[in-house]
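Below you'll find a set of structures to go through.
Heads up, the next two complexes both have subunit A, just with different partners, subunit B and then subunit C.
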Partner chain A sequence: MSYGIMLAILGGVLAALFGGVGSAIGVGTVGRSAAGVVAEDPSKFGKVLILQVLPGTQGLYGFLVAFLLLIQIGIMGGEPLDLTPAQGLMYFAACLPMAAGGLISGIHQGKAAAAGVALVAKRPEESGKAIIFAAMVETYAVLALLISILAMFNITGIITAA
Partner chain B sequence: MAKLKMKYLEIAAPVTQSKSIFDYLQLQNVIELAQIEQTEGLVSLGTERTVANIEKYYDTAAKALKALDKYAPEKKGLTAAFKPLPEMTVSEYAAKCEEADEILGVCYDVCEGEKTISEAKAQIARNEAAIDAVTPWLPLDVSMKYQGTASTAAYIGTLPAEYSAESLKESLAAYLADEERFECEIVSSSENRSCVFVLCHRECAEQVFEALRSIGFSYPSDPTKHPPKVRYERLKKENERLKEKTENAVSEIKSLAGRRSDIEFVSDYFSVRRDKYKALGMVAAGNSMVIISGYVPANRADKLTKDLDEKFDVAWSLTDPAEDADVPVLLQNRPIAASVEPITEMYDSPGKADLDPNPIMAFFYFIFFGLMLSDAGYGLLMTIGCGIAKFKFKPQGKMKKTVDMYFWCGLATLFWGTLFGSWFGDIFEVIASQFMGIPDLGAHLNSLLGFNLFKDGIALWFQPVNDPMKLMIYSFLFGIIHLFVGLGASFVKMWKADNKVGAIFDVIPVYIFVTGFAVIGSGVLMEVSPSVQSAGKWLLIIGSALIVLTSGRSSKNIVGKFGLGLYGLYNTASGWLSDILSYSRLLALGLCTGVIASVINTLGTMPENKIIKAAMLIPVFIFGHAVNMAINLIGTYVHTNRLQYVEFFSKFYEGGGRSFTPLRNNTKYIQIKEDK
Partner chain C sequence: MRETEYAFAVARVRANEPFLLTAEEISQLISAPDEQTARRLLEEKGWADGEVGKDIYDTRAERAWVLIKSSVPDPELLEAMIIGNDFANVKAAIKSVFSGIEPEKYMVYPCLCDTAEIIRAVKENDFSALPDYLAQCADDAYHTISSGGSGLAAEMIIDKASLETRVRFAEKSGSELLKKLVGLSALLANLKIAKRCFSTGKSSEFALESMCECSFMSNEELVKKVYAGEELSEFAKEAGFECVADEIDGDFSSLEMKVDNTVAQMITEAKYETFGPDPIVQFYYATLSEIKNVRIILSAKADGVPLDTIKQRVREVYV
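Let's turn to the complex of A and B:
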């Protein structure tokens, strides 16, 4: 096994790790607020549950990046590529947007969604707006996911062409 | 179809008929009443007290229903939310109203029972606390207030530490002289509290008490008159009695569960009456006549006025609302466009100058939803599910629109999923290759068909995961079309508002500029022929020049015009760039669904042995895809809304309108229909 492949795996692990951490914190934050609201009015469960799920996507995106990476470098279902350290570092770098973007946007989406839960508590008819506020944060996780995936695919293109 | 034109209707009617007119208007669900200004000779009917009374009855019914839900919950099927409310004709309703007083009595009974239960529960809790307090004293067989006999003094109380009879004796002896004798008994003792009984001769009572005080003695806060056991048993007995009382009250409420539908009826009945009296409070009345006024959709005004003439002795006038009047907005669309109305309403109702965005939005909504969910299997499930809900339960109102919307979104998802060859991820290919020994299902099917139907795997077009750049370019293209349609809507809006200069100067240059911009930009992502490139370059230059020349036209002097023009160019460029890039989420979310779906299938087929593999695949498939579909449905819904709200609406839609809220029978459990 080469250093290259080690660096690549490290990148994928970081994406899954920090995406998961961001989501865990975010979903946890919303969950606490949501429980308070449901204690007062159990009929709001459905509405606050949707808000709680929202910051969960970062973990999913991180998982997706890690999984795609494992396929790209042949760890899953194929022969592992023989990567040079420079190539491994490229994959590592490709995973970083998702790792950092997932962590930070997950936490902040959690905060926005928790505030949205407070909005739903007072004005349940406005739950759509609460969802939109939280979803605004997610844009940056989506962009991070996109750049990580595109970078990864194109790096594989460069390596296999060479 | 779009926003309905509103008319202002004024009706003058005899006071004697006012109530029946209101009953009629309420049933028609067609007029939004406006408060009439009080002028000379006309007064308000002053219905506040009646409204307050009815409100009280309504609350009682609501409370009774809540109590029933708590103690005798009704089993509701999952499909209950889709079903329309049971119907009742006006005459059935009127007949049932006779029973309202009796049913209200039932409501009071239920509320009384609920009150008994909550009071008893509170008393039980208080008693439990008292029982806990007296438990440590149970071994004591005199009253806790016992003071001793003629020659002895007794001290009963607590010490803040654990003592045994010996250790207490030792501690006290330290404070007392030898001849000051006493006798002590530990009633009970725990880690940080001891209940003690100390007896001594009257002569040395004071010294003993001082000694006790110095080790922290205190009298009990609530001493018993009799031996503690007496109180303990009394409380226990009382709690049993209270528990029995609670159970009786619960079973009494349960026995009234059969009246649930009656109580639901009166809840609706009071809600309807409350609204009617509120409405009555808004009319102006003279000695013998009332004046009712409000907004009516123009297309229903004729029938309404004709009916009013036939049924009542009224005079009416129908006019166009004043320019500055706060006219409510009512939308009317064909079912497909109407299905996205709740989405628009969640943003805001269209304002006075706005176009109804729903007809143009609906198409894009479905297309984008489908692109982001992008799995034919999930789309098929949605279509079938919503189709069943639609035809079996025949939902109405907002629920009908929502079901319709997901039905069309499901079809769009099915469409895109087929193009991208994603059926629950790659389940068909997985089954073919893992269980049937067909490594390339698409090629196999093509050879069976005799022509190349499947291009890439089983995709009719291509698989995004194999060529993400291609889908990215298409995402941007769809985005530009979406935004251009929005810009077109703003052109129409300005043109209609007689701002023709604005329509031409604010819209046409942007079209030219963005087209050029897009052509140049696409060169970054794909091969573009040089002639197209140079055409794009010229469009960009002409567009920029036009924007610089026109967007500063509000300024008076030449420098200001130029400065504002440059600023306009910067705004257009940066705004449109970020708007267009935002559509990359179409690709990202689409990839996300498809890849995770395939991951689930991969996880399910990990074992080597085919039988174990099949046994594992089935539960993994069901659970995994259920979770993936649920998460992606939420994500897709949210991001589709966002593309409409932030990117699309910002081009032309202002909102700020007020939805039409007619006087109607605002019921929750039944719907009242006209007699046949």
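Let's turn to the complex of A and C:
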């Protein structure tokens, strides 16, 4: 197996890994806050659960990028492309936005959602606003996902054309 | 400790904050025609009767502490908030025993050291079973009185040990808010001692000996300025208490009021924090502030104090 394919796979691994780590930390943080509120008022479970789910998307995005990459480089079909180190590095770089964006946005979305849980605890009628505040962080995870996918598909186009 | 470790505890106290009295409810209490009506309003807000031997104020504070203790990752870090009650209990026990009255009803809660153990230690003059932070000062205070010294001297020994212990415990808490709050108490106490000693003709050495030692202010400088009649505003600023610099040279009740309102302001600022120990400290002090207000209002109602005077005495309300 070539160094090129190894670099490409490493990129996919980082996207899935850091996206997952970001989500795990984020969801864990909100989970602690949510448990605190539910311990006092179990009727707020539904409202805080929505907030807890929000930072979980980064892990899914990372998984999606890694999955698409494996398809693009032929690993999923059992016929891996013969990539040069430069081509492998291009795929690797394409995965980095999702890796970094997933990690950082996951952690911070968790903190924003935990603050939202505290808001719900004090003013349950404001739960919609709490969700909006936390969802704003999602924008940057989505942007990272888009740029990683766009870069990956275009790199495949360049390689195929060459 | 990572700030997010407090997420569970912060959420629990946030869920309990709506049960604190609001400014509007405090106004209703003040406007109540008599004490009975005020008590009834309190009952509607969940102020239940205290357990046996404890009044409603102690029960309220103890509930808040139990909530905090069962939620934070390491309750020991926040013991500075209640450790002063142990010293108050030692003081009450010594005074009661020497006056020949039962000390139980003078105990305050929540506290760290079992009150029965404190009472037993004082009655048997054996302080070895008390925690280290308490044993020495309890022994000193007891022997000061038993050897013919004044009750005031014993009180000063306990007060000094209490403040020094609170400052020491606050330093290790990791809460900036708690450090500032305890620091303000230390400043106020030391200033009170210096001014009292000066006005009663006591020596500056005696004043210094009675004052709580803190790393953030120079007691020597404070005593020097008080005895020389110099202004203290610069001293307050240098010690990090700019908030009371304008009032520190005025009359003491204005300064006390300012300190109380500064504490309320600090507490209010901390309510926008989401993580860390500060929101927990904020909740406990908000509870104490609420208790103080209710105590003022009920006592005033019982004594028939006019509405305007009650409003003047009531401190700023958090929530």
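Simple rule for what comes next: the second predicted complex is superposed on the first by the 161 of 162 C-alpha atoms of A that agree within 3 Å, B and C clash if a C-alpha of one lies under 4 Å from a C-alpha of the other, contacts with A are read in each partner's own complex, and residues count from 1 in each chain.
We adopt the following convention: contacts are C-beta pairs under 8 Å (C-beta built on N, C-alpha and C of every residue); 3 or more make two chains touch, one makes a residue touch a chain.
All figures in this text were calculated on a predicted structure; none of them were measured in a lab.
Asker: After the subunit A overlay, clash or fit between subunit B and subunit C?
Answerer: Result for subunit B and subunit C: fit.
Asker: Please work out whether A:60 is in contact with subunit B alone, subunit C alone, both, or neither, and reply first, second, both or neither.
Answerer: In the superposition, A:60 contacts subunit B only.
Asker: By the touch definition at the top of the document, which applies to A:91: first (subunit B), second (subunit C), both, or neither?
Answerer: A:91 contacts neither subunit B nor subunit C.
Asker: Looking at the overlay, what does A:153 touch: subunit B (first), subunit C (second), both, or neither?
Answerer: first
Asker: Is A:18 touching anything from subunit B or subunit C once the two structures are fitted on A? First, second, both or neither.
Answerer: neither
Asker: Between the centres of subunit B and subunit C, viewed from subunit A's Cα centre, what angle do you get? Round it to the nearest 10 degrees, please.
Answerer: Computed from the C-alpha centres, it is 50 degrees.
Asker: Using the superposition on chain A described above, determine whether A:139 touches subunit B (first), subunit C (second), both, or neither.
Answerer: The answer is first: A:139 touches subunit B but not subunit C.
Asker: Check the superposed model and tell me the shortest C-alpha distance between subunit B and subunit C, rounded to whole Å.
Answerer: Comparing every C-alpha of subunit B with every C-alpha of subunit C, the smallest gap is 7 Å.
Asker: Note which residues of subunit A are touching subunit C in the complex, please.
Answerer: My answer: residues 29-30, 32-37, 39-41, 44, 111, 114-115, 117-118, 121-122.
Asker: Which of the residues in subunit A come into contact with subunit B in the complex?
Answerer: So the residues of subunit A in touch with subunit B come to 50, 53-54, 56-57, 60-61, 63-64, 67-68, 76-77, 128-129, 131-132, 135-136, 138-139, 142-143, 145-146, 149-150, 153.
Asker: Could you please specify the touching residues of subunit B with respect to subunit A in the complex?
Answerer: 346-347, 468-469, 472, 582, 584-585, 587-589, 591-592, 595-596, 599, 602, 631, 634-635, 638-639, 641-642, 645-646
Asker: Touching residues of subunit C toward subunit A in the complex: what are they?
Answerer: It is residues 4, 7-12, 14-18, 71, 274-275 of subunit C that touch subunit A.
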